[in-house]
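What follows is a structure written as C-alpha cells; I'll ask about it next.
Chains: A, B, C and D, in written order; residue numbering restarts at 1 for each.
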Amino acid sequence: MSKLWQKGYSLDALIERFTVGDDYLLDRALVNADCLASMAHAAMLAKIGILTASEREALQRGLAEIIRLADRGEFAIRPEDEDCHTAIENFLVARLGEAGKKIHTGRSRNDQVIAALRLFGRAFLVEFQQAVLDLAEALFGFARAHEQVPMPGRTHLQLAMPSSVGLWAAAWGEELLEDLVLAGAAYELNDACPLGSAASYGVPLPLDRELVAELLAFSRVQNNVLAANHSRGRTESVIVDAVEQVMLTLSRLAQDLILFTLPEFGYFSLPQELCAGSSIMPQKRNPDLLELVRARAASVSARGLQIKSILRALPSGYNRDLQETKAAFLEACATGLLSVRVMELVVRRLGVNEARLAAGFRPEIFATDRTLELVAGGMPFRDAYRQVAETPSAAEAQDPREALLKKRHTGAPGNLRLDVPAKRLAELRARTAAWQAQVSPKLKALAGFDVVLYR
Amino acid sequence: MSKLWQKGYSLDALIERFTVGDDYLLDRALVNADCLASMAHAAMLAKIGILTASEREALQRGLAEIIRLADRGEFAIRPEDEDCHTAIENFLVARLGEAGKKIHTGRSRNDQVIAALRLFGRAFLVEFQQAVLDLAEALFGFARAHEQVPMPGRTHLQLAMPSSVGLWAAAWGEELLEDLVLAGAAYELNDACPLGSAASYGVPLPLDRELVAELLAFSRVQNNVLAANHSRGRTESVIVDAVEQVMLTLSRLAQDLILFTLPEFGYFSLPQELCAGSSIMPQKRNPDLLELVRARAASVSARGLQIKSILRALPSGYNRDLQETKAAFLEACATGLLSVRVMELVVRRLGVNEARLAAGFRPEIFATDRTLELVAGGMPFRDAYRQVAETPSAAEAQDPREALLKKRHTGAPGNLRLDVPAKRLAELRARTAAWQAQVSPKLKALAGFDVVLYR
Amino acid sequence: MSKLWQKGYSLDALIERFTVGDDYLLDRALVNADCLASMAHAAMLAKIGILTASEREALQRGLAEIIRLADRGEFAIRPEDEDCHTAIENFLVARLGEAGKKIHTGRSRNDQVIAALRLFGRAFLVEFQQAVLDLAEALFGFARAHEQVPMPGRTHLQLAMPSSVGLWAAAWGEELLEDLVLAGAAYELNDACPLGSAASYGVPLPLDRELVAELLAFSRVQNNVLAANHSRGRTESVIVDAVEQVMLTLSRLAQDLILFTLPEFGYFSLPQELCAGSSIMPQKRNPDLLELVRARAASVSARGLQIKSILRALPSGYNRDLQETKAAFLEACATGLLSVRVMELVVRRLGVNEARLAAGFRPEIFATDRTLELVAGGMPFRDAYRQVAETPSAAEAQDPREALLKKRHTGAPGNLRLDVPAKRLAELRARTAAWQAQVSPKLKALAGFDVVLYR
Amino acid sequence: MSKLWQKGYSLDALIERFTVGDDYLLDRALVNADCLASMAHAAMLAKIGILTASEREALQRGLAEIIRLADRGEFAIRPEDEDCHTAIENFLVARLGEAGKKIHTGRSRNDQVIAALRLFGRAFLVEFQQAVLDLAEALFGFARAHEQVPMPGRTHLQLAMPSSVGLWAAAWGEELLEDLVLAGAAYELNDACPLGSAASYGVPLPLDRELVAELLAFSRVQNNVLAANHSRGRTESVIVDAVEQVMLTLSRLAQDLILFTLPEFGYFSLPQELCAGSSIMPQKRNPDLLELVRARAASVSARGLQIKSILRALPSGYNRDLQETKAAFLEACATGLLSVRVMELVVRRLGVNEARLAAGFRPEIFATDRTLELVAGGMPFRDAYRQVAETPSAAEAQDPREALLKKRHTGAPGNLRLDVPAKRLAELRARTAAWQAQVSPKLKALAGFDVVLYR
C-alpha cells in the first residue's frame, strides 16, 4: 500500500531504504499509543461534525482491533509502509473505506508521532519510577539489615575513615530518590497534549484540543502549535537525561560492587546465578552484569547527547532530522529500565561478609577520629591535624563499631536517619499512584479496555 | 603559605602544576560563597562549644574582610594555595592565629567546596531564571506587537502553511518557559545543605547540621553524609543540563534569525550595532553573535557531557576527578547567562519587514487550506489531499491574513492564546521572588550585609 | 544448546536477557568473518599438531557450510546461544563431534571477537573508501561541468565575494579526500592479527601466530597479547572517527543543499524522486534525505563518543563493557556507508540553475575586489578598505565571470587546479586496489571461495 | 585602537564582550605563529610587488620585535583588540605606518588564523609525539627491568591467568605506539598551507601560495581555497582525537595504578612526592594525579566532541562559530601533553612489590593452564574445560614463573618480543626527527632566529 504522501512517482530505492531506516521496526513500540491517540482524535472529529457517529464507531472498532493484533505480534508494519502511522491508516482505509480516509483530518504525522511518544513516555516514566523506587527500597532494606556493620570508608579509594554497610547502602538509595526529581520534571514536561498542532501551524477547522487532551488524560494542551512541534525530541531528551542520572548512580554502585566483590576485598558476594563464565577459563565467575551496567550508563549518555545534538540549530518547524531521535529515545528507555531491575536483583541477593569488612580496617583509618579527640581536648584543629600527621602510624586501632557510634550528627554512620528517605520514598510512591490514578481510568474509558503502552 | 594537608615534604613541581590546574583562578568565583558558608559553620561551632564567642566574632570579621577584599579584586589566591579554601584558611590563621586554626574543625574541603558550589549555583539559578523570563517577556511583547503579521510557515525549511510573526515569536517564548521546568528541578536538587558530611563519613562531634542549613537558607539538610558527597558534580550537571535546554532553544532561534535576516529572505533585520565586520571585506555586517550563540550551545552540551563522563563509574567516596568538573560548571553557567542576555537584546532590537514577509507567500502554501475546504465540503481527507496533490500549482493564492484568521483553535495563528503563557510567566516570576525571599534576608542576617554570590 | 562457559547452573532469566542484549542479532554481521578466522585457526592447530589433518578438513567443511547457510540467511543465532561464536562452536560440535570440541583450543572469545571485527572492519574500510572516492569523483565531475558558473560566495552565510559552482563542488571533493587520511590510519591500526592473544595472557601452546596472520592476510601480528586485547573497542573507535569526519563533511554539504535548493535561493534543484512528501500538505517535496544525512552525522558522532566513553578508565584485561561497543560500531559503519552512497546519488542528479545563481549577485559582493583594485593602484590595503567601507553601496556591479577570472592564484575560482585532487584521487584509488590485492587472494585461498565480509 | 573591520559605529558593549569572549587571552598562544606567518606573507607580497623591499624589511623587524616582546610576556592583546591578529596589525601600523597598513593585503583573518593554528599544531604534534615516545620508552624500560616478575593476570578484574609485570608494562607501551598512528595522520592533515585562501574565495592578486608554503615549511599548499577555509576546526578536531586516544590509554593505565597501589593489592607503590594529602585526614597519601589523568581523559573527549559538534551542519564558507573551537583545541593540547609528562614521571618512579604480586596468585588462576595440559594429553579442549570446571578448586598451585615460561608464542609472557616495539619506537623517533629536520631550519631562516611555537 502507498505512503500517506504518495502521489504518482516513486522514491529511488536506495533513498527509500535510507529515509525509512529502522522506523518500521521501532514503531512496533508505538502502535498502541498511536491507536489510543487516534481514538481520541476520532471522538473529537465526531464531536465537531467531521465524522458521523457510525464512522467514529467503525474507527474505534478498527483501532481496537489493531491494538489486539499488535498485542499478539500480528500487526505488521512493512518497510514500504514507512512507519506505524501509515500502516494504521492503510489498515483503516482497507477495512473501513471512507471512514479510514477521514481519520487524518486535522492532524499531521508531526503532531501524531509526538502524541504517541508522549503516551509512551508517560507510561515509561511510571514504570521507571516504580522500578527505581523498588531498587531504593531494596537498598534501604539492605541498609537496615546491616546498619551497624563496619565498613572501611574510602576517599580516593584509599582508606579514609570508619564507615558502615548501612551508610553505604542508604547513600545509593538516597541518591536514587534525588535522581527522581528529574523524572518528575520530565513527567511534567511530557504531560501536555500536542494534538491539533498539525504540521506546526494549526488547521482551519474548529478542533477541540481540550477534549482530546482530556480523553488522553493529559493535564494540559500544549498551547502554541509551533512550540508543540518544537518539543519533539526535546521532551525525549529530558526523559533520557532523567534516565541518565539514574544510570550514573547505578554505574557507580556497579563500580563499587565490582571492586568490593573481588577476592582482595571480599566485602560482598554475588550469587553464582548472577555471574557468567569464560569460554576458555573454566574457573571464572564474572560480574558481567555489573560491567554492562557500567558500560550502558555510557550508552545512555551517548543517546541523550545524540538527541540533543540533532536538535541543536534546527530551523523552526518540523525537520526530518527529528526522526533520528526516535531510536535513541526508545533504546535509552529500555536500557534504563532493565538496568534498574537487574540492579534490584543484585541488591536483593547480595551477600555481606562481616569478617572481610572488619579485616579491611587498619589503624590509620582512625587518624581523623584521633585528631578530633585532641580537638575535643582543646587543641585547635590544624595543630591537632599536624600532630597526628607527624606519626600517623602511631594511630591506635579502635573498635570500629564504637567509632561509628561516635558519629551521631544527622546522616552520620551512627545516626543514619533512615526515616528521612523513608518519608521521601513514601511521597514518591504516592506520586506514582497519583500519576496512575490520573491516567489509567481515562485511558480505559477511551479504549474500552486496558491498553499496554510500555512493555 | 602551605597547603592544608602539607606535612614536611614537597610535591614534585610538575605534579603540583598538574594537580592544581586552574583552580586558583576559577576559585575567584567561589570566595564569597565559601566565606558565607564558613560564617555559618563558625556560628555552629560556637553553638556546640568548639569556638568561644570571641573566636567566632573574630572569624566573622575576618571572613567579612575577605569578602570585601574579593569584591575589590584584592583577595589573592596563588597557585601555591591550591584553591580558595586554603587561601581563606591561611588568611584567617595569619590574621587571627588560634581561631583561624579552628575553622576547619568538623568539615573537609569535600563538603566545603560542595557548599560553596551550592550557594553559587543557587544564586546563578535565580539570575538565570530572571534572564530567561526577561527574554521570554521580550518575545511575547514582540509576538503581541506583530501578532497578525503573516509569515510563511515552513517545515523541512520549505514553504508549508501560512503562519504569523506572532506565532513564531510566541513559540520561542513558550519553549523557554517549558525549559525552566528543568531549572526548577535543578533548584530543588541544589537546595540542600551538604555541610557536616565532612570527608564523606561524618565526624565524632555533635555538629548541628540543621542550624547550618537554616543559616545558609537551605530548605533541608542533605541527609546521608556519603550521598551528600556523591552529589558533587551531579548537581552541577543537572544545572548545566537546565542551561543546555535553554541554549538549544536559543540556538534554534539564532538559526532562524541567521536565515531570515539574509537578503534572500529579509523577514527580519538586525541593527548595525549588533553586527560585526570583516578584516578583508569592507561591506560586511555579520550576525556574529547569533553564530556564537549557535556554537556555544554545542559548548554547553559538551560541558554537561564532560561532567557526567567524569562521574560515571567513580567508586564511592570523594575522588579527585571531581575537581575537573568545576571549570566545566562555571563556564557553562557564564556562557548560558550571557547568551540569554544577548538574545534579549537581539529580540528587543529586531526589525520586522512586513513587505518581505508577505512576498514570501506563494500559492502552494495554501494547498492544505484548500484541502481542508474540500473536507469541509464533505470529501474524505485523503481523497481531498490526493485531488489537491494532483495539481498543487492550481492552488489559488489567498489573503494570508484571512488564512490566519481561519485557524482559530487553541494555540493556532488566529488564536494564539497569549494569556496562557502570560499566566505561566507570572507564576515563574513569583517562583523567582519566592526563592529570593527565602534566601536573601537570611544571608544578609548571616553576613551583616548583602553578599554578591554570582556576578 | 549450552553457552561455552556453562557448567551446571543457570543464569537468572532477567540477567540472561540483560547480558546477551542484542548480540545474537548483531552477530549476524560477523558470522562469515568468524568462520574465516576459525579456518585459519584450525589450519594453525593442525600445523602444530593439535588437530589431525582429517579433523582440520572436517572443520574447514563445517565452517564453509556455515558461511553458505549464513549467506542464505539460514544460520540461526538464538538468544540462548549468546553470540555467533557459541552458535558456530555448537554447530561444529553437533556436526563433527570431537573435532568441534577442539576448535577453541588456544583461543578465547576475547581474541576471537577481535579477529572477527578486524576482518569486518577491513572489508568495511575498503567499501567505504571506494564509496567516498566515488562521491568525490562525482563532485569533481560536477565541478568540471560547471567550473566557471558564477555563484555568490558567502561567509557568515552573508554575501561575501564572487565564487563559482566549480569552486564550491570541488571543495567538498577535496575535503573528502582529506578525510580519507583518517580512513588510512584506521586501516593501518586495524591491519594486525590479534589471534593467539587468547584471554589476554597467551596460552602454554606453541601457537604459530605468524601463520594465522598470513592466512588471514594481516600485515602483522599484534605483538603483546595484553595490548592486543586492549585494542578491542579502540580500533573500532578509530574507524568510527574516520567515518565521522566524512559524515561531518556530508552534513555541511547537506546543509548547503537544503538552503540552496530553497525557492528563495533556487541555485540547485533536486529531482522529485529523491524527495518525500507530507501526510497533510499535498504540495510538499521535501529534501528528507539531506536532513537525515545532517542528523545522522550527529548519530555517528554519538556512537564514536559512546565507544570511547566505554573504554575510558577500564582496568587492564578484558572487561565485559567491551561488548557494549559492538552495536555502536556496526551501526556507525552502516550509517556512514549508506550516507555516502545517498549523497553520490544526490550529486549525480543535482540540477544547476545558472539564472538564479546569477541573480544572487548584488553589487556589494564586489567590494573586496574594488578594494584590491585600489591596492593595485598603490593605496595601502587598510586605507583602501576604509575608503570602500565608507560607501559600500557605491560598489559597482561587475561581471561575475570576469571577477572570477581575476582570481588566478592556486586554488582560486579562476584556477581551480582540478589536476591536484585528481592526482590524489588516483593515489587513493591505487591504495584501495593495493588493499584488495593484499587481501582477497589470500582469503579466497583460505576459504576456497570468495567470502563476503561486509554487506 | 580599533578593530580591523571598524568603520564608524560601535558594537554594543554586551555584544562586544560576548563576541570577543576569551580570544584576547587565548591568542597569547598564537602570537609567535601569527608573526612567522606574517613574515612569510610579507616576503611573498614583496616578491609580487605589493611591498617594497624596505617595507618588507620594516615589517620583518616589527614582527621580530613582537615575538621578542611576546616571549617576555610583554606583548599585550587587549579585549578591545579582539584577537592577536588585530593587535599585531595595530602594532605594525603604529610603528611603521604605511607598511603596516599593507600587511593584510591578500589575506583575511580567516586564512590567517588557520595558518597560525597550523604552525602551532605542527609544533605541538612534535612535542606531543616526543613526550609519548618518552613515556613508551619508560614503560619498555620498566618492562625489561621486571620482565619475568609474575603478576596475576585479570579479566573482568577477576583472577584469570598468570601474567607478568613485563607483559603489563610493555602492553601500555605498545598501545601508545599504536596511538601515534593517529598523531601521524593528524600531522599529515595539518601539513598544508592555507594562506592565500583569504576569506574563502581567493583574491584578484597574483599571490604566490607555493612560496609561502615553502617559507613556512609546509609540504603542500592546501589547494581549493574554500576547502582550505572549511578545514578550520576539522584539523584541530583530528589533532584532539589523536590526543584523546593517548588519554584513553593513560586513563586505563591510571585506573590500574589506582587499584594496584591500594593496600589491598600493593603490587606497585607511588613515592610520597607524587601524592597529595587531605585537609581533614592527617594520614592520607592520595594518588590525585592519577585520578586527574582519569578525569582529564573525559575532558579531552568532551573537547573533541565540542569541536566536531560545532562543525556539524555549518553552511559553506567561514562562520563565526569556528571561533568557539579555539579554546577547546588549545586546552586539549595542553592537557594531553602535561598528562603524558606526568605519567612518565609516575612510571619512572613506580615501585614494584614482588612479594605482594606473588601473594596475589591463587590456585584457580592456573585452571586454564591445567586445561591445556589435558589438551596436550589428547583430550578435546571443550571436554578438558568441563572437567576442570567441575572442580576448579582442585587446581593445584603452580610456580608462577614456570607458568609464564610455558607461554612462549609471540607476544606471550614468556616471549614478550620487546624487540618488536623497540623497532617501532625507533621508527617513530626517526619520524619526529624528520619532521623537525623539515621544519626547523626553514623557520629559522625565515625569522632569523629560533621561534618557540609551542610552550
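Everything that follows uses one rule, which is that contacts are C-beta pairs under 8 Å (C-beta built on N, C-alpha and C of every residue); 3 or more make two chains touch, one makes a residue touch a chain.
This is a predicted model, so every value here is computed, not measured.
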item: Number of steps on the shortest touching-chain route linking chain A and chain C; value: 1
item: Far-end chain from chain B, centres as C-alpha averages; value: C
item: Inter-centroid spacing, chain D versus chain C (mean Cα positions, whole Å); value: 24
item: Centre-to-centre distance between chain D and chain A (centres being mean Cα positions), rounded to whole Å; value: 38
item: Between chain D and chain B, distance of the C-alpha-averaged centres to the nearest whole Å; value: 32
item: Multi-chain contact residues (two or more partners), chain C; value: 4, 7, 104, 110, 155-157, 160-161, 199, 259, 277-278, 280-282, 284, 286, 288, 291, 294, 298, 301, 305, 309, 312-313, 319-320, 368, 385-386, 389
item: Touch list for chain C against partner chain D, complex; value: 4, 7-8, 50, 89, 93, 98, 100-106, 110, 153-157, 160-163, 167-168, 170-172, 174-175, 178, 181-182, 184-185, 188-189, 196-197, 199-210, 221-228, 230-231, 234, 237-238, 241, 244-245, 248-249, 251-252, 254-256, 259, 294, 297-298, 301, 305, 308-309, 311-320, 368-369, 372-373, 375-376, 380-383, 385-386, 389-390, 403, 406-414, 416-417, 420-421
item: Residues on chain A engaged by chain D in the complex (per definition of touch); value: 155-161, 258-259, 262-265, 277-278, 280-288, 291, 305, 309, 312-313, 360, 362, 364-365, 367-368, 371, 385-386, 388-389, 392, 395
item: Partner chain A, residues of chain C touching it in the complex; value: 3-7, 9-12, 14-15, 17-19, 21, 85-86, 104, 107-110, 198-199, 272-274, 276-282, 284, 286, 288-289, 291-292, 294-296, 298-299, 301-303, 305-306, 309-310, 319-325, 328, 338-339, 341-342, 345
